[in-house]
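Two complexes, one shared chain (subunit A), two partners (subunit B, subunit C).
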Partner chain A sequence: MNLKSMKKKANLATIYIISVAIIFTILVPVYFIFSISFLSTREAYQYPLPLFPELRSEIKLESGDRGVLLSIYDKRNHDYETLLDTSDFKKMSTYMRTNLSLNFTPEELEEKSSLLLTQSQVVFKARKDVLHNYKTFFQVTRDAIPALIRSIQIAFITILISLSIGGTAGYTLARYRFKGKHTLKFSILFVRMFPGVAIAMPMVIILANMGLYDQPLGLSLVYAIGSIALTTWITTSIFLGIPVELEEAAQVFGASKLRTFVNITLPLALPGLAASSMYAFLGAWNETISALILTQFKPTFAVVVYQALYGSTGQVNLTAAGGIAMAIPTLIFTFIIRKYINQMWGDVSV
Partner chain B sequence: MSKEQTSKRRNWNQVGPYLLVAPALIYYVLFWIRPVFRTFLFSITDATGRLSLENFRLVLEDPTFIPAAQNTAIIVIFSVTLEFVAAMALALLINRKFKGSGILLFIAMIPMALAPVALGAMWKTGFTTHGWVNSFLTYIGFLDIGEKIIFLSGESRFKNLLLIILIDAWQVIPSMMIILLAGLQGLPKEMMEASYVFGANRWKTLRRITMPMLRPTIQTAVILRLISALQIWLTIVMLFGFGRVPVLLSRVIYYSEEVPNLTNSFRMSSTYSVVIAVIITIVAVMYLKVSGAFGRKNGGERS
Partner chain C sequence: MKRKRIALFLVLMLTSIALLAGCTPAEPAAEEPAVEPEVIIEEKIVEVPVNNTLVLSSRLWSVPTEQEFVINEILKPFEEEHGVKINFQVMDDTTMLQRAQVQQETDHVTTDVIIAYVANMPDWINNGYVTDMTSLIGTWDDRHFAKTFEANTNMNGMQYFIPVGADVYLTLANKKALPYLPEGANIDSLTWEQYADWAVNIAEGEGEGKTVVTGVPMKSFVYQFGATALSYGAGFPEINTPEAVEAWKILAKIGAADGYIPTVLNIDNCIDPMKREEAWLTVFHNARAGEVYSSNETKYVLAPAPAGPAGIGSIAGTSGFAIMKGAPNPELAETFLEYITRPDIQLKLSKGTGGFIPPVEEALEFLGNEPTDEVISKALLVLENGIVSGVPGGDFQDWGAVKQVFDNLFEDMVLKGNVDQAMLDAASAEMDALRK
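Moving on, here comes the complex of A and B:
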């Protein structure tokens, strides 16, 4: 008995060790990209990269050879690092904003420096603008904001198309027996097996003929192909979960088919439908390859971020900010629908 | 219910379902079958519109085709095997409810939730020489201060592919583990217990009872994984560019985005995408056949 309980404890210990190892492996990269996205450019060029972004910086101003000497306290070396010697406060202000993520107007700096007439140095602490990289990313990346709006538009049109068409198909598969039902189910899976690129290439011509090339609606039409299949798949299982007796009862009391659907079935299916629309959103938001091929002057946000990141080389903090901006909606939505993700993989739940 | 009503209902039951699935079917004819057909047609006609296999010759003669196909094959074979084995082992080890299992599953979802572009950014900031991977190795004392490992030199093919496989494993293993774990927890416990009672050891129970019962879950997980592994490109392009570690899908992007104005560009990328589609279909059908999915009536889905 004692041996058995010891063995049980040892097993549990193994489980915990493995769990901690998994969590650690997952969180380290995620932590780093988050933390890097808040680094100032000066910090981003340090090696090794700081573990934590500084939130406050200590600045020292002294009289220099050419004007005012700007230094920042370096926690690593426990000493001030001299950065700039200038009498041009505009230049100093720009330098502080771009390299240190500190926002000071030239006038403020001039005012602070005027104290140097009476004392040998001016030391002050300042709050770092932690969102600086995000602001810069949206400012310097051409098209970032219109692309963001476009991506949201595209996602919503995709949801609309796939819910109306896929949802109807899903309901039908769940409620009716008819010839060819199983073939239809299989073909839905087959549609998803076919790579998106193979459809995107000819779609260039098809959409151009329809006047929809490089238009949000055109991309939605392409994205809906995959998401109709997925929506059908998910909604079938959702409608299967709603007892058919409820519908029959409503009909016995004289409600029409349509009325039953709107008043009884739809409200019950709503959470599941919301989940499948989030899937459609994620698909449209994340997709990069068809968007690259099917857009020219009106890229989606994924394309803009991809191009910005592909071209960039040195600035890790800006790269990280772009990546995080892209990741946040997908993280939020995935966690909202996590219950349904497991349903997709056969009828299992965690 | 009157006779008329009954016959009306019968009519509806015969025609209704087809009317309701018609929009989906029409959509697929217009926006799926038509483009797929066009791609095939495009790939087997030459510049003047005559039937020829000229495009496939161009693709096969593309000096990057063979390395791209090899790289894709290596990545698919090794990453899917590694990911499945690791995920299965982890799922079996932690197949039990314990305090904090919810947190583990929650965190294991993060890699799946990250957008591909975000993943690209994550590994790009990580594997540059002054990136966070080297910094992290310095902090934990694996590297001396100032020492750096050059990850992306691109010279050793083995090293490049290993890096890609590891990156892919980071993203896929946790989510595959969740799926398998969910499958395991859905199995009736009695079968396994009975097997122990009759004297079977753990390994035998796993092979004879657990794995066969888990087969539908495994099939779904592996087939979707195979399909997406064959289409790997974004992280690779972000880390190595188009030239150093070519894969099949990155060739499509290369021709359509990087050199869009060559006379052959459009035909090359179309034909490459046909080649990829054919390979994926063959691999998927082969896998389904070998794993016996066609034997089951409902194709891994309850009805």
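Moving on, here comes the complex of A and C:
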């Protein structure tokens, strides 16, 4: 094997190692969040953290000082860990649900405990409710589903407004020469420099006067302000990357300006529009502070997630479930437009 | 030419949309009569029947399991009894205040009842966001509220807030730490010297520190230090007085023996390391200590905070109910407050939410013998017999900066195991510069 071939293989191996390291660095935290979202509260505070959630738990009941002593089998220590000593079966039922993700009614626990009259301990296995964190999350938020639908509506209206206005502005800035073009191009971004919360008050006044306070359309308008600026910048560079000669050629063959735009320019600009849509979607989907102030009876999904998880210190599993629930629609949207994303920032193949 | 026209049209469209969406708030108000939009707003904003939904915004009960309990066990019975719906929203104090400001200044109040933290009550009262409830509270003769918090809940002889969910500091230890308890020490009547010896014994015995405070800046180290300092007769927040120096010495003794957990500077709350058993010993907020305790009552022991020569010191806080000025459902709000401040409901609420102290004196008659009752009893012991101090955040320009002064001392002095008077004097001067 010659030196050149060895060097080539070494380079290839280095690239693979770096690629795997990068993938590993990205995927491991994602996997952990995903995995933690299925752990019970007890499991989530074990050290080391379990890689996979347990599907079944082994429970032992014994006579205790206060009533019934509840223990769970700990696979790491190969022994039972005592958890609770109480005569209050409602409390035991709540404890098992919130800490162990096991669903037993107080009556069922009382019935099992009654066996302690004739035997020293009662051991039984139970299937863990792996979706417990998600159920709790949606239970606490109460109107999570309407909020989810509302957030999707808001995100899509934001995209619509951003693309129609920002896209048109982007085309204008790319194709036409006029006085103050560059100043306008830069000044568009000024709007993104203001924190949302700083302009919340005038927003409320304007939205209230428009009858749009606490309405999805109102929030879309607020979110669109920032998105329009970004969309304008992205689409400008995309339109600049599409040769004018193509449009002129179409017009030579008799196509109108509108037809040229729809049939020639627009399809080539799709990657930029997709990227802009993604930014607009993410911005509208994740924003919380303005939404907290600008909504009352019609919160967004980000607001209900915030309200449910704001105080979830000590319940990292619930936080993970909320995070996953929040991320899923974004993942779906990104998956749908994924093929255009790679071509963004002017990488248009003509 | 045509191109220029199209360009001009597009730019004009963009500009007008930007203006419409928020750049010129003054114009519509100037053009339209002031009264007309109000009518439109009322119709548009409040779509849910006003008398049927009570909006309760709270900084308290933010833990999801607490929320679940409050919703199912406290709010639901009220909803069923009165045929109403309660829109319960949890948010941080700052956002709640900002939202109130927005609602008050735009005259579109949609929140009925708020639960704010004691340190923020002056902001609510001084800005006129909440109503005077003196006469309402005067009609309730079956309950009396703890006098400890009157200075914050009342102003100029009028009561604006009803205290709820009070907190003090408690000692929480993993049972694995008990064998290291110094000879003759009783966890229920521990002194700070014994606490420090205990932490040192654990570190020596286990080969690594097992005591925890919140080492991440701007969290609660200042309060944890405050508990110690108050026990030695210092005021809060004092840094360099002889009494405060004694408190620093206690903490530095633990630091000198590497008694704090190795990751202490990454700890932003004591719940996680205590639950993970990474830490075995701490003194912190009773409801959060109760949260760890209730995660496995057989694994932990709870006791009042350690005592010093002056007694048991603790930072004490509370939250409070208030009715928003201009609330859409004032009568329903009053009915709700009458319900939720009933002594039995207060105790049920405290027990179901980790062990906050119910600031209703009559609630204590309902205390039982369950472990959660013990958390409340021990916290109450500290509140009633201890030297407690509130958080004088209002005396400083930036309370976060004050916290940072203490955090720096923890990192630069306590963890190195020495007490440097010059450093303390400099820190004290730094803090004084932050006073209003």
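In this section, the second predicted complex is superposed on the first by the 211 of 350 C-alpha atoms of A that agree within 3 Å, B and C clash if a C-alpha of one lies under 4 Å from a C-alpha of the other, contacts with A are read in each partner's own complex, and residues count from 1 in each chain.
As a convention for this text, contacts are C-beta pairs under 8 Å (C-beta built on N, C-alpha and C of every residue); 3 or more make two chains touch, one makes a residue touch a chain.
Worth saying up front: this structure is predicted, and the values here are computed from it rather than measured.
Chemist: What is the contact status of A:L55 with respect to subunit B (first) and subunit C (second): first, second, both, or neither?
Modeler: Touch partners of A:L55: none, neither subunit B nor subunit C.
Chemist: Tell me the contact category for A:D88 with respect to subunit B and subunit C: first, second, both or neither.
Modeler: So A:D88 only meets subunit C here.
Chemist: Where does A:V28 make contact in the superposed view: on subunit B (first), on subunit C (second), on both, or on neither?
Modeler: The first partner, subunit B, only.
Chemist: Of subunit B and subunit C, which one touches more residues of subunit A?
Modeler: Counted on subunit A, the partner with more touching residues turns out to be B.
Chemist: Would you check which partner chain A:L258 touches, where first means subunit B only, second means subunit C only, and both and neither mean what they say?
Modeler: neither
Chemist: Once the shared chain is lined up, is A:L331 touching subunit B (first), subunit C (second), both, or neither of them?
Modeler: First partner only, subunit B.
Chemist: Looking at the overlay, does A:I228 come into contact with subunit B only (first), subunit C only (second), both, or neither?
Modeler: Both partners, subunit B and subunit C.
Chemist: Looking at the overlay, does A:G211 come into contact with subunit B only (first), subunit C only (second), both, or neither?
Modeler: The second partner, subunit C, only.
Chemist: Who does A:F137 touch here: subunit B (first), subunit C (second), both, or neither?
Modeler: Second partner only, subunit C.
Chemist: Looking at A:L3, would you say it contacts subunit B, subunit C, both, or neither? Reply first, second, both or neither.
Modeler: Touch status of A:L3: no partner.
Chemist: Both subunit B and subunit C touch subunit A; at which residues?
Modeler: In subunit A, positions 45, 47, 165, 168-169, 171-172, 176, 178, 184, 191, 197, 199-203, 205-206, 221-222, 224-225, 228, 232, 289, 292-293, 306, 309-310, 313, 316 sit in both the subunit B and subunit C interfaces.
Chemist: Would you pull the subunit A residues touching subunit B in the complex into a rising list?
Modeler: 12, 14-16, 18-19, 22-23, 25-30, 32-33, 36, 45, 47-49, 51, 164-166, 168-169, 171-173, 176, 178, 182, 184-186, 189, 191-203, 205-206, 221-222, 224-225, 228, 232, 237, 240, 257, 285-286, 288-289, 292-293, 302, 305-306, 309-310, 313, 316, 319-320, 322-324, 326-327, 330-331, 334-335, 338, 341-342, 345-350
Chemist: Inside the complex, what are the residues of subunit B that reach subunit A?
Modeler: Touch list, subunit B to subunit A: 12-14, 16-18, 20-21, 23-24, 27-28, 31-32, 34-36, 38-39, 42, 90, 93-94, 96, 98, 100-101, 103-126, 128, 130-132, 134-136, 138-139, 145-146, 148, 170, 174, 177-179, 181-183, 185-186, 216-217, 220-221, 223, 227, 230-231, 233-234, 237-238, 249, 252-253, 256-257, 266, 269-270, 273-274, 276-277, 280-281, 284, 297-303.
Chemist: List the residues on subunit C that touch subunit A in their complex, please.
Modeler: 3-4, 6-8, 10-11, 13-14, 17-18, 20-22, 25, 28-29, 32, 37, 40-41, 43-48, 53, 55, 61-68, 71, 87, 89-92, 95, 98-99, 101-102, 105-106, 108, 110-111, 269, 271-272, 275-278, 288, 291-292, 294-299, 370
Chemist: Show me the residue ranges of subunit A that touch subunit C in the complex, using the header's touch definition.
Modeler: Residue list for subunit A touching subunit C: 41-42, 45-47, 66, 69, 81-86, 88, 91, 95, 98-99, 136-137, 139-140, 142, 161, 165, 168-169, 171-172, 175-176, 178, 184, 191, 197, 199-206, 208-209, 211-215, 221-222, 224-225, 228, 232, 289, 292-293, 296-297, 299, 306-316, 318.
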